[in-house]
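After this come two complexes, each holding chain A, first together with chain B and then together with chain C.
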Partner chain A sequence: MSLLQIENLCLSFRHYRGLVHEAQTSVLRGIGFDVDRGEVLAVIGGSGAGKSLVAQALFGVLPGNALVSGIMRFEGVLIDKTTRPRLLGRRMALLPQSSSHLDPMANCSSQLRWAARRGGRTIRKADAQAAFLRFGLPASVGKAFPHELSGGMARRVMMAIATITEPDLLVADEPTAGLDAGNAETILSQLRAAADAGGGVILITHSLPEALKFADRVVMIENGQLVGTEAAADFTGSGASLRSHYGQALWQALPQNAFGAANA
Partner chain B sequence: MDLRVGAVSRLAGRTLRLIVVLAVVAVVAFALAKLSPIDPVDAYLGADIARVGPEQRALIAERWGLDQPPSVQFFSWLQSLAQGELGYSMIYNAPVAEVIAERFWISLPLVGTAWLLSGIFGFVLGLAAGANAGGWADRVIRLYAYVLASAPSFWVAIVLLMVFAVGLGWAPVCCAGPIGVVPEAVTIWDRLSHLALPLITLSILGISQIALHTRAKMAEIMQSDAVLYARAQGAGTLDIAWRHGARNAALPAVTVLFASLGELFGGSVLAEQVFAYPGLGRAVVEAGLRGDVPLLLAATLVLTLFVCIGNMIADSLYAIVDPRLRRPRPSRVGHG
Partner chain C sequence: MLEGRDLSFGYAGTSLFEQLSLAVPPRTIVGLTGRSGRGKSSLGRILAGHLRPSSGTVVIDGQPRKCGALDSVQYLHQTPIFAFNPRWRIERILSEAWPCDADTRRSLEIPDALLRRYPHELSGGELQRVAVLRALAPGVRYLIADEITAALDPITQARLWRVLQERVADGLGILAISHDRALLQRIAGTVRAL
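What follows is the complex of A and B.
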C-alpha cells in the first residue's frame, strides 16, 4: 500500500464577480499520484502552475473560499476533517517555502518545542539542541530570532522543526528557493536521507535538474493539470524513453540538451 | 558604545520634543483662557459682584496683574512656573499644586484601573474576534465595539447612572464617598461602590478602541505564513491565538493603550462630571467654568505631560519588546 495516494484532486476558488454573481476559478484539475516509503517524488511546474496548492490541500490549510474535491489517502485511510488531526505534525510534516513561515516574535527553540508539542511530543532542551545539531546548526541558534538567521540557516531550522516528530511523509515546498548552491545541496541531501531512512518525501520544485538529481519519480503540473509522470532515470540521452510529451519538451529545453524547443 | 550614545541622544531628543509640546500647549491654553468670555474678577466675586464698585474691581485686577498686557502676564506666569510655583487656586482657596496633587490621587484609581481593565478586556476580545474573523463572535464583538466607540462617554455615563443607580439602586448616585460622612469614616467598601459606575463607564468605552485595533492586527496575523505553518503542524485555533496571535498583537495593543491615555483623561473629565466624582477631571471643569486660570493652566500642563509620557513609553516599548528592533546581538549566530 502506498504511503500517500492522491486521486483526481480538483481545486477551485469561489469569489464574487461584481456584488452578487458568484464565480469559481478552477486552479487544479484531476491531479493524482502516489508516494511510497523510501521514495522522493518531485512535483514540478512553473510558478502559478498550482504545485504549492497541492501541498496546501493535503495539509488542509487552503483559504476559506477554496473548494476541494477528490480523494487523498494516507496508508489507505481517507484524509478528511476527522482523520487529519491525527496526521498533521505527527505522520506528515511540511517544510515551507520561505523563512516568513517562522514567527518573527518567537525564538527558534520555542518554535521547535511548539511543533513537537503539536505533534504529540514533549522535548527537553537537550533534544532541541540535538535536533538543531543534526542539521549542522549551533546550539546558540535556539535563542536566535528568525530575523537573525541567514536564509540557509532558516531553512535548516525549518528542517529541524519538520522532522522533530519523525514524520513518515515530508512535504518540501520549494525548499531551495533563494538558497545558494551549497545550501540547496545540503537541504536536498537531507531530504534524500529522510527517504532513504524509510520515509516518503514530496519535493515541490520548479527545477528539473534539481529534481532529477534527488528524486526517484517526477510528476509534472502545468496550468493546474497533470501533464506527465516519469521515472527520474528516464530523463536521459535524447529522452526517448519518456512517455509524456511535456516531459520530453522539458528535457529538451535544458541547457545541456541545447535548449530544444519547449513548445510542448 | 555607539548604542549607548544613540540611546542618550534619543532620550535627549524626546525630552526636547516634550518641552516644545509643553511650551506650545502652554501658549495655546493661555491664549484660550485670555480669550474666554469669563472674567476672572467676576468669577471670583460671584454673588458679591453687586456690592463691589468699579474702583475696587480695578484694584483686584491690578493686584492680580490683570491690567498688564497678555504677553507680560504670560511671561510672569511662565517665570513662576519655572520656579515651581503653579499659583493659587481661587475657587479651592489653596495652592494649585496642592489641589492638583489631591485630585490626582482621587482620579488615579479610577483612570488607572479603567486603563488596565480596558486594556485586558479589549485585548482578549480583540484576539477572540480576530481569530474568528467573520464568525459570529467577531460580529458580536465588532458590533459592541462600534456602538461604544461611537457613543459619547457622557451619554453612556448617564444611561448607566439611570439604570444602575436610579432604577435598580445597585450603586450610589454620586461622589467618591457617602454624603455627610467625614473622610476618616469612609470605608474601603464605600469607596469601591462609589468607584464602580464611573469605572465601568470608562472601561467599557476604552475597551472598544483596544479591541478594534487588536482585532485588525489579529485578523492580519491569522492570514500570515507563520499561522499557515502552525496550522500545517496541527495547531488548533486556541494554540495559534495564544502562541502566535497574542505574541504578535500584544505590541500594537500596548502601543494603542499607552497612546489612549489622553482619551481616557478626556473621558474621565466627562464621567467625573456626570457622577460628581471629585477627581482631577472635575476640577478642570470647575476651573474652566469659574475662571480659575492658574488651576486650569496647571491641570492642562499636567495632563499634557502625562499623555506625552504615555506616548513616549509606547514608542520605547517597541524597541524593548520587538526582537527585530532590539539591539542587535553580534556573534549570537554565525552566518552560513
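What follows is the complex of A and C.
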C-alpha cells in the first residue's frame, strides 16, 4: 500500500463578483499521484501552477473560500477533518515555504518543544539541542529568536521542528527558495536522507535540475492540471525516454540543453 | 556604454565592495554572479540609479545620468509584484511608462484580457513579462535584470530570454544577475563573479 494516495483532487475558490453574484475559479483539476516509503517525489510547476495548493489541501490549511473535492489517503485511511488531528505533526509534517511561519515572539528551543508536545511527545533540553545539532545548528540557536537567524538557519530550524516527531511523510514547500547553493544542498540532502530512512518525501519546487538531483520521480503540474509523471532518471541526453510532451519541453528548455527549442 | 567606475558600497559600516568597476556595452549581455549577500543586487541598483555609491561614479557614454527624464537604465526586480502599484490595473501600470506598441506586446505574449486585471491576479511569469514590457520604453538602452527568471519554470524562462536576446541584437545592453551559472553561460557574453 502506498504511504500517500491522492486521487482526482479538484480545488476552486469561491468569490464575489460585484455585491451579490458568486463565482468560482477552478485552480486544480484532477490531480492524482502516489508516494511510497523510501521515495522522494518532486512536484514541479511554474509559479501560479498550483503546486503549493496541493500541499495546503493535504494539510487542510486552505483559506475559507476554498472548495476541495477528491480523495486523499494516508496508509489507506481517508484524510479528512476527523483523521487529520491524529496525522498532522505526528505522521505527516509540512516544511513551510517561508520563515514567516516561525513564531517571532518565541525562541527556537520553545518552538521545537511545542511542536514535539503537539505531536504527543515531551522532550528535554538535551533532546532539543541534539535535534538542532542534527541539522548542523549550534546549541546557541535554541536561545535565538527567528529574526536573529539567517535564511538558511531559519530553514534548518523549521526542518528540525518538522522532523522532531519523526513523521512518515514530509512535505517540503519550496525548501530552497532564497538559499544559496551550499545551504540548498544541505536541506535537500536531509530530505533525501529522510526518505532513505524509510519515510516518504514530497518536494515541491520550480527548479527541475534541483529536483532531478534528489528525487526518484517527478510529477509536473501546469495551470492546475497534471501534465506528466516521469522517472527522474529519464531526464537524460535528448530526453527521448520521457513519455510526456510537457516533460520533454521542460527538459529541452533548460539552459544547459536546447534552451527552449521545443514548443511547449 | 554603461559604466560603473571605482564603485564602493556597504551597509552600516561593513563594506560590500570597494573600487569596483564594471561596464555593460550595448548589444551585449554581461552576467553577474556570486554567493548570496555579496552585493550583486546592490551593485545593480547603483547602476540603475536607485542607490548612491559611497564613492565612485556611474556614467552612460562617458556622461553622468540626466535627472528629470526617462532613465535610459531600467531595473527589473526578482519579484515583480513589489515593483507594481497594487491598486492599479496592468493597463495603467504600462501606460504610465509608455504607450506600449502592439508588436512588443505580442512578442511578450501579453493578451488584451490581462490589461484589465490587477497585479495580484497575474501569475509570476505573466507579471515578469509585464515588467519587461514596461521597461522596454523607447529611450531605454540598458536593463539590469536581477534574477528575473529565478522563480519561473524553465519553459517560461527560456521564452522570456529569447525575447530579450532579440532586443539585445537590436542594440540593448543587459546586466544579467543570477545564481544559475548554466543560464549565464547560455545567454551572457562575459560573466563576472562578485
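Rule of thumb we're sticking to: the second predicted complex is superposed on the first by the 263 of 264 C-alpha atoms of A that agree within 3 Å, B and C clash if a C-alpha of one lies under 4 Å from a C-alpha of the other, contacts with A are read in each partner's own complex, and residues count from 1 in each chain.
As a convention for this text, a residue touches a chain if its C-beta (ideal position, glycine included) is under 8 Å from a C-beta of that chain, and two chains touch if they have at least 3 such contacts.
As the structure is a prediction and not an experimental result, all values here were calculated from the model.
S.K.: Could you say whether A:Leu149 touches chain B, chain C, both of them, or neither, answering first, second, both or neither?
M.R.: A:Leu149: touches chain B, not chain C.
S.K.: Scan A:Val219 for contacts with chain B and chain C and give back first, second, both or neither.
M.R.: In the superposed model, A:Val219 contacts neither chain B nor chain C.
S.K.: So, A:Ile187: does it touch chain B (first), chain C (second), both, or neither?
M.R.: In the superposition, A:Ile187 contacts neither chain B nor chain C.
S.K.: Which partner does A:Gly48 reach: the first (chain B), the second (chain C), both, or neither?
M.R.: So A:Gly48 only meets chain C here.
S.K.: Is A:Ala160 contacted by the first partner chain B, the second partner chain C, both or neither?
M.R.: After superposing on A, A:Ala160 lies clear of both chain B and chain C.
S.K.: Which partner, chain B or chain C, touches the larger number of chain A residues?
M.R.: Higher number of touched chain A residues: B.
S.K.: Could you look at A:Arg90 and tell me whether it touches chain B, chain C, both or neither (first, second, both, neither)?
M.R.: first
S.K.: Taking the superposition as given, does A:Val201 touch the first partner, chain B, the second, chain C, both, or neither?
M.R.: Neither partner.
S.K.: Report for A:Pro104: first if it touches chain B alone, second if chain C alone, otherwise both or neither.
M.R.: first
S.K.: Which of the residues in chain B end up touching chain A in this complex?
M.R.: Going by the criterion above, the answer is residues 134, 224-226, 228-235, 239, 243-244, 247-248, 322-324, 328-329, 332-336.
S.K.: Per the contact definition, I'd like the list of chain C residues that touch chain A in the complex.
M.R.: It comes out as residues 35-36, 122-126, 151-159, 161-162, 179-180, 182-183, 185-187.
S.K.: How about chain A: which of its residues touch chain B in the complex?
M.R.: Going by the criterion above, the answer is residues 56, 59-61, 64, 85, 87-90, 93-94, 96, 98, 100-107, 114-115, 118-119, 136, 138, 140-141, 143-145, 147-150, 152-153, 161, 183.
S.K.: Which bits of chain A are touching chain C when the two form their complex?
M.R.: 44-49, 151, 177-181, 206, 208-209, 249-250, 253-256, 259-260, 264
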